[in-house]
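These are the structures, in structure tokens.
Common to both upcoming complexes is subunit A, partnered first by subunit B, then by subunit C.
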Partner chain A sequence: MATAVPPPCRSEILSLFRSILRSARDFPDYNIREYTKRRTIESFRDNKTLSDPSTIATVFSDGNSQLQVAKRQAVVYSLFAPNIKSIMDIKH
Partner chain B sequence: MASKILTTTLRRSLTLKTIPHIRPLSTATAAVTEPSDEISMKGVKISGRPLYLDMQATSPVDPRVLDAMIPYFVSRYGNPHSRTHLYGWESDEAVEVARTQVANLINASAKEIVFTSGATECNNISVKGVMHFYKEKKKHVITTQTEHKCVLDSCRHLQQEGFDVTYLPVKNDGLIDLNELKGAIRSVTGLVSVMAVNNEIGVIQPMEEIGEICKEFNVPFHTDAAQALGKIPIDVNKWNVSLMSLSGHKVYGPKGVGALYMRRRPRIRVEPQMNGGGQERGIRSGTVPTPLVVGMGAACELAMKEMEYDEKRVTKLKDRLLNGIRAKLDGVVVNGSVERRYAGNLNLSFAYVEGESLLMGLKEVAVSSGSACTSASLEPSYVLRALGVDEDMAHTSIRFGIGRFTTEEEIDKAVELTVNQVEKLLTNRFGILKKW
Partner chain C sequence: MASALRSAILGHVRVPVVTTGSKLLTPLWINRSTSVRSMSSHDDHLEKTQVIDRILDIVKSFPKVDPSQVTPEVHFQKDLGLDSLDNVEIVMAIEEEFKLEIPDKEADKIDSCALAIEYVYNHPLAS
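What follows is the complex of A and B.
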């Protein structure tokens, strides 16, 4: 039986949060970028009140795998970015 | 840390080397020669890619879905029906996982899901396949006037073969009258087909009540749930459906894949439309496209997790859009029932404005009038005609589609552009800005 994974400490969680937001900046697509930022902020805010350590550990590792997905896809989207940006990125 | 340096350098080097207007290794045929800061296509010049508000036509692929699909293009490219080697086994495992993911979203069993090439194929299998299988005893089909073209066309095909079809009319709000449905069912009725969420007006039909009626009269119930999947909660047992058509590219999955739900208890049988090697339990022969199916499964799993969040957000955005337009314009009519509708589909008619000119002026917003399937013809949409909308109001209808990735800024910009264009058209027509 494996020993219980210790739940992440506050600095690890903050570091994960900042990493996902940083990877969101790398998306050339306006909609995906805004969605990643918004969804990350809201889901970290919703999970702030969790108290059970095993739930926190599960949600944290889920967040980590989402970070890996975001990093990979930011590269893929950049490689195939269209030459012309979205109207929302140009005006304003 | 090393991987981050690697990806940054990789990205920088690759984006710098990309020739602006020709991709030498790509086989894309629509080579648009773009000067560096604007697009010119079909006589229209715009400075950037339009903001996308046409979610009913199709939806962008979610990056998490793409992430699930890429390994099956790159390294795990086996045919899931190959029994003898790892490539086949891992591909088959992925297909079965995807099958479970799709089934969980509609509260069905994985054994009841058949993968097809899309909702159109599912509708064809359901309508024609069921009626051909039971043709000795059942000669009658009931459907509505607002169904998708593929259902209506399949019914027309059946009519030419000698079957009887009843096209139920809809009320002004787009819903069918349940008493009319009860009255139309006969002893030889073989199928009732009613779509769950309409693709043009977004109206949600009373599925549970229809399911009860069909159970009472023991008639199979088919529904086209392509627009409903992942947006409203679907339960095949609460709705009592025997057949359900699902589409991948409406739930932020890839195009070219769909799934057909076929009830096992009581078993519904169909005559296959694609004959061949007997894949998918003989219902749909042909190699199952593993990457697409994996994408659809991932999209369905995501939809299950995100449904509540997306729904709240889409409703908020829809209210912002409608209130923003109504604050500046009069004579804006919402087509279809206001209570029983999916918030992400907003079909508006603008009084005294010509539809084609409105769309031509809205080139920075990607919206549609009528559905994508019927936009080639100049006739107003048959769905709006079935609702009893006047000809001129039907011509000016615009469908705004709001989805998971739409932002508040996009909605505000769409409001601004629509209001400007409508005011411009009203001013031109009468020389004065018509206010009433």
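What follows is the complex of A and C.
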């Protein structure tokens, strides 16, 4: 069996959280942006109380792959962004 | 010619400074026109009161925060009972409000309203 991957330390987790939230800002679509933010906040909060190192490492690598997905999709969505912005984006 | 026009305009635009001290006590080398910079181009910096108000609004509109407890010196984790994830969220909201990019190292240090206000006020690109 391969040696266990060391669980991420606190600063790595916070940095992953921040990176996903930053990548959410690049989406031109309001709904997807808000969903990404909401979902990351919820999932990081749900997994806050985990204590088993292997579970933490698994969840952390899941988060990393989600970050890569978000980055790629932000690029793809920007290629075909609609001209008309959502009403929620227009400040009153 | 342009400089003469400029000094003529400056002479008219000058706002009178009201000094309460006696005229004998003010040294003669104090030039009153230094208190008014009519044609300065570096004055688009934010006012401190504006920065404080906007940051307090951001913190108060955070769902987990009790708005009555928010003051400019409040500490996010110690006084408001937030955790480090909430801290990151608040710093992201501040970044969006002032259109800044705060690097991770600096963002980790912003722990309280006072630090946030200081950072934003001292940032040259804040708007």
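Basically, the second predicted complex is superposed on the first by the 90 of 92 C-alpha atoms of A that agree within 3 Å, B and C clash if a C-alpha of one lies under 4 Å from a C-alpha of the other, contacts with A are read in each partner's own complex, and residues count from 1 in each chain.
Quick note on the criterion: contacts are C-beta pairs under 8 Å (C-beta built on N, C-alpha and C of every residue); 3 or more make two chains touch, one makes a residue touch a chain.
Treat the numbers as computed from the prediction; the structure is a model and nothing was measured.
Look at subunit A after the overlay: subunit B and subunit C fit there side by side. Of the two partner chains, subunit C is the only one touched by A:R10; subunit B is not. When the shared chain is aligned, subunit B comes close enough to touch A:R72, but subunit C does not. Of the two partners subunit B and subunit C, more residues of subunit A are touched by B.
Of the two partner chains placed around the shared chain by superposition, subunit B is the only one that A:I90 touches, whereas subunit C remains out of contact. When the two structures are aligned on the shared chain, A:F60 is found in touch with neither subunit B nor subunit C. Shared-chain residue A:L21: touches subunit C; no touch with subunit B. Rounded in steps of 10, the angle subunit B-subunit A-subunit C defined by Cα centres in the superposition reads 120°. Residue contacts after overlaying the shared chain place A:A81 against subunit B, while subunit C stays out of touching range. In the overlay built on the shared chain, the residue A:I32 is in contact with subunit B alone; subunit C does not reach it.
Of the two partner chains placed by the overlay, only subunit C lies in contact with A:R45; subunit B stays clear of it.
Closest approach of subunit B to subunit C, taken over C-alpha atoms in the A-based superposition, is 13 Å.
Against subunit A, the residues of subunit C that register as touching in their complex are 83-85, 88-89, 92, 96, 104, 107-108. On the side of subunit A, the complex with subunit B involves touching residues 27, 30-32, 34-35, 38-39, 42, 66, 69-73, 75-79, 81-92. Residues 10-11, 14-15, 17-18, 21-22, 25, 41, 44-45, 48 of subunit A are the ones that touch subunit C when the two sit in their complex. In the complex of the two chains, the subunit B residues touching subunit A come out as 7, 10-11, 14-15, 20-21, 34, 36-39, 46-52, 60, 63-64, 66-67, 70, 309, 364, 404-407, 409-410, 413.
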